[in-house]
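To keep things simple, chains are lettered A, B and C as they appear, and every chain counts its residues starting from 1.
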Amino acid sequence: MYPLTTTAPYPKNQWYIAAFADEVSRAPMHRTILGKPVVLFRTESGDVVALGGLCPHRMMPLWEGELIGDNIRCAYHGLTFDQAGQCIAGMGEGPAPAKMRTPAYPVVERWQWIWIWTGDSDFANPSDIPDHDALGLGSPDWTSQTNGYYHLDSRYLLLLDNLFDLTHVNFIHANSIGATMVMLEAGKLTEKDGIIRYSRERGGVELSDFHKRFSFPGYEGTVTQGFSSEYYGPGFVNAMTYWKPEAVNDDREYLGAINFVHGVTPETATTTHYFSAVSRSFSLENDQLTQALCANDKKVRGEDKVALDAIERQLELIKDPSGEVSLPADAGGIRVRRLLTQQIEAELAA
Amino acid sequence: MYPLTTTAPYPKNQWYIAAFADEVSRAPMHRTILGKPVVLFRTESGDVVALGGLCPHRMMPLWEGELIGDNIRCAYHGLTFDQAGQCIAGMGEGPAPAKMRTPAYPVVERWQWIWIWTGDSDFANPSDIPDHDALGLGSPDWTSQTNGYYHLDSRYLLLLDNLFDLTHVNFIHANSIGATMVMLEAGKLTEKDGIIRYSRERGGVELSDFHKRFSFPGYEGTVTQGFSSEYYGPGFVNAMTYWKPEAVNDDREYLGAINFVHGVTPETATTTHYFSAVSRSFSLENDQLTQALCANDKKVRGEDKVALDAIERQLELIKDPSGEVSLPADAGGIRVRRLLTQQIEAELAA
Amino acid sequence: MYPLTTTAPYPKNQWYIAAFADEVSRAPMHRTILGKPVVLFRTESGDVVALGGLCPHRMMPLWEGELIGDNIRCAYHGLTFDQAGQCIAGMGEGPAPAKMRTPAYPVVERWQWIWIWTGDSDFANPSDIPDHDALGLGSPDWTSQTNGYYHLDSRYLLLLDNLFDLTHVNFIHANSIGATMVMLEAGKLTEKDGIIRYSRERGGVELSDFHKRFSFPGYEGTVTQGFSSEYYGPGFVNAMTYWKPEAVNDDREYLGAINFVHGVTPETATTTHYFSAVSRSFSLENDQLTQALCANDKKVRGEDKVALDAIERQLELIKDPSGEVSLPADAGGIRVRRLLTQQIEAELAA
């Protein structure tokens, strides 16, 4: 099954994150998304617009152009396009033809993300975007931060594999997250409301000094610790770590949870835009905890980037990585690959 | 029609500029022309020789070799080739075989250009080289200068498009040439003696302060201003700007004209050698004017290079640029493309 | 015949040099050999191990891992492989499957070389490795040194061509080896015990001042000087230069000989690992001579690298180098090419 075909390495009819909200402004911005050049900008009233990035006349990058009100004017011959991608002003020789248009991609600004749909716009349904509130992103009951952009010189699938086999934490992240006994437990694969979840739990765990001091001060007793990788789509994965109380008389479902949120957007077949966010349900006002978590998260993602890019370089050398061997711990990742393959094949057949 | 096929992106049976005359000396020089490695040098009497650049023995670049009189000796095993490309001295084991030869390309030195023909030499006719005198290049009635070499990381066709749609002047060159009202006029496409010409004119134009002071001092009255793109072949385009007098009693055809001459030589399918020259028919002795024109011309060509290279990078990403939409102002460029396509197809069929 | 197919540019069932012995240690080392990523390390008792360099689980480069005793543990998920390439420890969820294994390549440490066989291991026979003693490598009757590693940005075949047409010495190496009259003699091609030998000799040669002073002090008289290129396989060539005495009453076969030994290991289809060694049979204790020979050898190989890499760049431009023309002096090189072609075709047919 793996690798996916290089001509159709990702499903197109999906929401992906195009940018952090604060990256998009009145200065036209360029980003390649699923192999397509895209220009992003904001209207005078602040709405985000995403258009096919090349002027249909002679393929000049529109991000070299400038905004005239809510329209964008090409730097080359001055053709001007409105928010729908229609050319509305030409070059002094009469109106531009109707077919002079560039695609306008559906975008949704939610929390700190700009979501984009570059597939068949008939299927673009904003309600398919993951529920940010449930993930604590922008929710008043959580504290949440974006935490950096990474450019991966590796295919998005390597990142999905990475996020669904967290046994790697004990090795790649030995000096950041550190060895965690819970990773020795057998994982459990479940699926609900279209979300694939691969989880591990271990009971009777002593809280670390760090968590006793910063995360759950005052709590006495052991906990059940858990890790859960949650797949919302090829472009969005949540890696949740949580603690359930085992203390007598503590009947809360969770003592607390942290979501390490991963925006995963294929740039090309072998490179990836990677957007980070972190949210937590406890000690909301503790800035020191926020800073410690965010700094460590940056270290962790940097470690992953080094590994994934090293793998990609070798994939390009050996050409055919079809000989890989999987393990029980890969059940989650394999389920994700199957779903991706189905989605891609359905799009190819359509 | 566009893009031209990548296997035959340019016609071969054409004269192209290989180099400025002062680039070619007794030190063998390397240039890739139409995808072929070429070595250029001068004989002891000063004639220019252009040979296939690789030794036919083991493909060593001949430009690493040295001249022995009017012959070139390969740096690797010492094989020596005469001006006709024939190996005339071998390695001490008898004469070199007759088939040990490298192509000798017809070259013509004219004004400051070295012209080359790398196609079928049976068709190489020096009289097909554009008339330099008529363009003022080296003519005593004009002043003329070469004005720099540019390496474009973009296909030659993007430059031809650029030169045949001068509406871009008002945008890309807003800070160098500046907005020119004449570009708002409808263009006129004509063809004569094999030269495709796309022209625009506007009457009743006031001369700018610059031209009043430097170009046509003493002239009183309005003028008809014109721009004309003239295609002599894929390798040679003249962008002429002229002023016709409208003053009473001034019956000259032109008050003056400037030719911005463009040598366009495909290096590979996606890169281009670009040679610049400028000539003018007025204020011949005014060095200050020469310097101002040449400096501005360099700025203009630099602006074009930035734009064309930016387009090429995107063409390589999107692979298929066939979706472009044309406008009335592209009539000249489209005529050029049609001619190119005919020429390439005729060569493929031969 | 030339070029060899790009999909099978080299025979695989051959011994090649993977590394100098002192390059391989307890720190896992990476080298790409015949297009395959390989990891090399030493066991606690000092034996060299060479394994397929990518973890079969998710293709992580094993050289990023660490040694646990004589086994190597992958840096990503901790899978651990023994010297046979078998995974012996997994991730806490039961034993690794038997098919979780990476190839173990036969290696032989001989003198200062680590030899490797990445082809079909059924055919790996250490007795096929060239006789180091006969070449003076490590022999007590000779003095021998390794003399540097070179990375060639050119295909290994260009180096074999180079080594079998030593007429190039008079040109490329005019400032290092210098012009040698013996190269004007006709060469002689012989074949014995599977070794292809191309030799030239000239009698009545005066020894140079250098050799009178450093190499053969006390010897009076002329010599027969010889050069001989000896092909042991695609991975190993000896360029021998020797002097035979012509003095009365001197009945030694050789006055002395120097072997310039060439380890030639394809890295990819167009890049090469190049290992140097030098041995000589005379003036064994003369360190000044050793230093002079080694310094000159480095200059010579550097000159070859420049030429071969320059050719490779042009081969990539012109795509098809099939038009080359050969000479009598190429007889040795052409015999080598024929043998290579036979070997490759036999492997493809198997």
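In this section, a residue touches a chain if its C-beta (ideal position, glycine included) is under 8 Å from a C-beta of that chain, and two chains touch if they have at least 3 such contacts.
Quantities reported herein were computed from a predicted structural model and do not represent experimental measurements.
Counting the residue numbers that touch the partner chain, chain B and chain C have less than half of them in common. A rotation of 120 degrees, rounded to a multiple of 5, brings the CA atoms of chain A into register with those of chain C.
Here the CA centre of chain B is 49 Å from the CA centre of chain C.
Shared interface positions of chain C, defined as residues touching 2 or more other chains, are absent. Across the complex, chain A is touched by residues 32, 35-37, 53-54, 56-61, 64, 73-78, 90-94, 96-97, 99-100, 268 of chain C. Of all residues in chain B, only 158, 161, 165, 167-168, 170-172, 183-184, 186, 307, 310-311, 314-315, 317-318, 321, 323-329 touch chain A in the complex they form.
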